[in-house]
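What follows is subunit A paired twice: with subunit B in the first complex and subunit C in the second.
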Partner chain A sequence: MSFLRIHAQPGRTAVWTLSWFLFATGIILYFYVAQERHRENPDERVMPTIGQMVRGFSDAALKPAEEEEVQTTSGSSLLSRFRSSMLWKDTEASGRRFLISVALLFPAVLLGLHMAMFPVIGAFFLRFILFFDKIVALSLLPILFIAFGIDELSKIMLIVIGVAPTIILDTFNLSKSVPSEQIVKGFTLGASDFSIAYRIVFKQILPRVLNSIRLNLKAVMLFLFAGEMIASTDGLAYRIALLRRHMGMDTIIPYVLWVALLLFLVDFAMNTINHKLHPWFEAA
Partner chain B sequence: MLAFLTNRFRINPKSLTLPCGRGPVMIALMIALMGSAPAATPSFTVGWSVYVGWNPYYYMAKSGILRKWADKYGINIRVQRFDYAPSLDAFVAKNIDACAMTNMEALDMPAAAGVDTTAVIVGDYSNGNDAVIVRQNLTLAQIPGKQVMLVEKTVSQYLFERAMAINGLGAQIRRVHYLNTSDSDIASAFLTNPDKPVVVTWKPLVSQILKAKDVKVVFNSSQIPGEILDLLVVRSEVLNRADGSGQKFAKAVTGAWYELLKLMSTAGPGADKVLAGIAEASQDSLASYKEQLSTTHMFYTPQAALDIASSPDLKKTMDLVRQFCFQHGLLGEKTKSVDDVAVQFPGGAVLGKPDRIRLRFSTTYMQLAAQGKL
Partner chain C sequence: MREAAVQMEQVHVDYPIAGQAPRSVLNGVSLRIESGEFVAIVGETGCGKSTLLRLILGEEKPTRGRLLVNGLERSQPDRDCGYVPQKYSLFPDKTVLDNVTFGLEVTSFGAWPGMRWVHPKQMRRFREEALLYLRHTGLDESDARKYPHQLSGGMQQRVAIAQALIMKPPILLMDEAFSALDPATRTGMQRLIKKLWRESGTTIVFVTHNTREAVCLGTRIIALSRNGDGSRGSSVALDLAVPDLDFDSEESDIGELVREVESAAVRERPLVYN
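For the complex of A and B:
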């Protein structure tokens, strides 16, 4: 039974097979149950077949959005048809909110750094942010509506309020963990306050901070979806909420997979950039 | 995907017998999941969600009235509260046997998804519960070009578009910008955003919004009486079970329903006690529940419900509703013709293709109740 031990060394094929096993089981089980349900009810909607999902997805990705006047007809290229489709418009709307929110997380990093380096700033913010971090932003929606309306701003603020405290506190802890000897050494070599903060501490923690933002992308996405489901006129979650109303699972499942793919790509890109920028950084 | 599957399995192992009844593996799994085999008494589940016309289901179960009727027919009936959308999902996924829903959702959710559905009880119609509310004395004609907050593709949108059509503004509907807003937040979202001029929603949210200054109702469901019907629907296959238990279930629920409605409508302190018990279903006060009842046309007697269910108006209503559903794609992308999801009325008349009947209005059980034969 040595293959179950810590020192087991599965071969390439074994690793490949094992890692795809749950995917295959899930997919097979899904289509088995879907097929049985379709046999029993030809209009079955809860578990669409692969054909229906492909059709649902190609309709979403290639047909012009319904509000649009018919300008793109059969002649245009695949790309331009995609660019006038419902899927692209939704992705664009959600993507814009997503990117703005992630961009707004960077000031949070700087705040965390300054809180750790400058005791007065730390004293001013730390206790409040520790408290704020524990507030479940979603339950205070009516107050958010007063402050930020129900248009774009409130959706972005919901994300920022939900995720920024985590990032601030994480940056704070990472900055604190830089050995004080380094800071003392920096001062003896004549560094100023800001060169200590930015050129010694910040440089060291940056890869870990990027990693922490990367791990929080899922939270960003959750808040974004929550915001779009509450009130919106476009976006990926808006579409899913609408489709749910008539059990459009044939489009919802591909949408969910599309979102997963996009998230995976962003995650992958951030990871790659992080490694390129900081080749000395080894943590996963 | 996997989580979705296991979830399904756990919620109701019983339903597995339908899609995968043959496999011995599945049977083993089923037994493993269920622990021990249940007693032979057939059990049924009724799903309901908070709404003035459906809250009685809560009290029906709590007061023991339902128990009494279920015992009479030798079955078990469980009543379970859901949020509205999940209750529809559960019904379409066949996790529950009966569900309270409107005529519109009965058509565009289960019926359009191929789940043959029978409306057993016509409980009430919205007689002012649903309303179009505006700020600053706006008129319907001024709405095009402005933002309207509502839960898209629901009865709210139906009400709004009917309001426009009745007032000769049908052609303007496409200039209205809908802002899809979740019903759990729509009241606070409207009240805190003065730049949003119009909202369409239902009670008790309407009452809450009307407490604000400078808002008024420009259209409500009492102007389209009988079009937004609240039903109790049962899956037809449950009703047609060979052992007759499904029919017993329908009889028991109908019996319990009209017993409770009689208690509700008999004047006196007894009724107030019952109404307070029902109001508890939505954490409402007696006064607030009574206010909601005042804009709900309850069919307190089986005869009243029979009258509307067998009147020709029902056919006109359902035609409006199915055209609305079809135009808004609610019957599904695959449905190429409005006739593909056909509706059958008491007496046998059919709207749509006779071989594709998916929604049936049945008066059988209300009839039995009216004749006192339950």
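For the complex of A and C:
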């Protein structure tokens, strides 16, 4: 059991092998079971083979979404075919909602900062947000649909209501954790209350806040998917819900992997930007 | 009569404790610090040295008594007092140069960092002044682009001193500023602060638990000591003007003063026999 020691130091090859092992095992296991099921039942639809999935994904990614576009896109480049595809249109619709929702988290960050810095604002909002944070956002969905209709606004509101309280409280706690010495120091250097809030505290917590938003990206997607599955006419989750009715697993599985890939890329981009903008953060 | 830099009259500080009698930290402290003095405040851990400093800073208010800084009562920390704490003395997100220019920037441009791009000439002047202060505290231009985590503890405190002094505060408050440094660096920093005090004439209030450091730095030593049964807080046990010693002064002179301060500081402590 020497490998299960705190001071164990696996080599590069061992780390590489271990970190890819579960991926490889999962893929091999899936295709083995899928192959077996297809051998037993050639009409099997629950576990599509790799060929079926490639066909399903290329249909979604390269065939026009609308019947009338078939004429205009035939013979055009791969990129233009992709841009008129179902996958692109769904990605665009979900991406727009996702980006608006993430942008709307910025006021949440500012609210958390002000609550921590200015006791009057803190006293006004803290209890309410602590209570609001405990409300299960999905339970508000019917109310949101009644209040805002079934258009974009209700879906974006669901995401914001679901994630904003967590971001507000996290920013509040991060702002409170800035050492009091830094705030006193700021005052002694002639900074005003707002200079201290924005130029000392906000700048110090920003990398952690970005990490907090990164950790909440999955929650953002969760609420986005819930909204799209219930009331939408486009979007990645709408498509998955639609395909579920026809047992279209050959497209659902690539769609799920596509969403995971997009989320991974957004997370990676945010992490890279965070490191570039705040070179002091990891080491400090 | 000339206005004192700091004047305390019968200052009491009590902290409320739920369900119990308030805990007294300072009990009737009266003292007067004149402009240009180098006052070292000594005392055991928990005797209220840092509370005294926070009172002068304006971060805390006395429960009773009166405290004036440059003739005025204080409501919150401001530019009248520079501050060098033991830890977290620099802003980790700013380079050395930005740390030192920070005070000049916020007092000129306010809360919006974008203003520094609108006033490039003024920013250049701030940077030149900051470099001057950095050189004065023993750092060079190559350190200016570094972040605080890339500096040693001693270098960080040098930057913190430059950061405070560039604002030309009438009073500089230092709270165990050299406590976390190794002995060699500490001695270097002690020499530096004494040199800067002689050159600038700033009033310095230096809190330390190290009696030797207090004797070598201060021109006046105030020892705080707990009273009676310990529940009644601390008061001034010794207020002693000392010669402006050099670090190369006779060891016997320093040693004698250290013994005197230490014996006075413990004189008021209760004797407890088990």
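The working rule: the second predicted complex is superposed on the first by the 274 of 284 C-alpha atoms of A that agree within 3 Å, B and C clash if a C-alpha of one lies under 4 Å from a C-alpha of the other, contacts with A are read in each partner's own complex, and residues count from 1 in each chain.
The definition used in the following text is that a contact is a pair of C-beta atoms (placed from the backbone, for glycine too) under 8 Å apart; a residue touches a chain by one contact, two chains touch by 3 or more.
From a predicted model like this one, the values you see are computed outputs, not experimental measurements.
Clash-free side-by-side placement of subunit B and subunit C is the outcome of superposition onto subunit A. The superposition-derived angle at subunit A (between subunit B and subunit C) is 150°, Cα centres, a multiple of 10. Applying the stated contact rule after C-alpha superposition, one finds that A:141 touches subunit B and leaves subunit C untouched. In the superposition on chain A, A:120 contacts neither subunit B nor subunit C.
Contact with neither subunit B nor subunit C is seen for A:79 once the two complexes are overlaid on the shared chain.
Within the superposed three-chain arrangement, the count of touched residues of subunit A is higher for B, of the candidates subunit B and subunit C.
By the touch criterion stated above, A:6 is placed in contact with neither subunit B nor subunit C. Once chain A of one complex is fitted onto chain A of the other, the partner contacts of A:56 are limited to subunit B, with no touch recorded for subunit C.
Closest CA pair between subunit B and subunit C after superposition: 42 Å apart. Those residues of subunit A that touch subunit C in the shared complex are 179-182, 184-192, 194-195, 197-200, 203-204, 278-281, 283-284.
Touching subunit A in their complex are the following residues of subunit B: 1-2, 5, 18-20, 85, 89, 92-93, 108-109, 112-115, 149, 152-154, 177-182, 185-186, 188-189, 192-193, 195-196, 329-334, 358. Only residues 22, 25-27, 29-30, 32-33, 36-37, 40-46, 52, 55-56, 59, 141-142, 145-146, 149-150, 229-233, 238, 241-242, 244-248, 250-251, 253 of subunit A touch subunit B when the two sit together in their complex. Those residues of subunit C lying in contact with subunit A across their complex are 57, 59, 76-79, 81-83, 85, 87-89, 91-94, 102-103, 106-107, 110-113, 147-150, 163-164, 167, 169.
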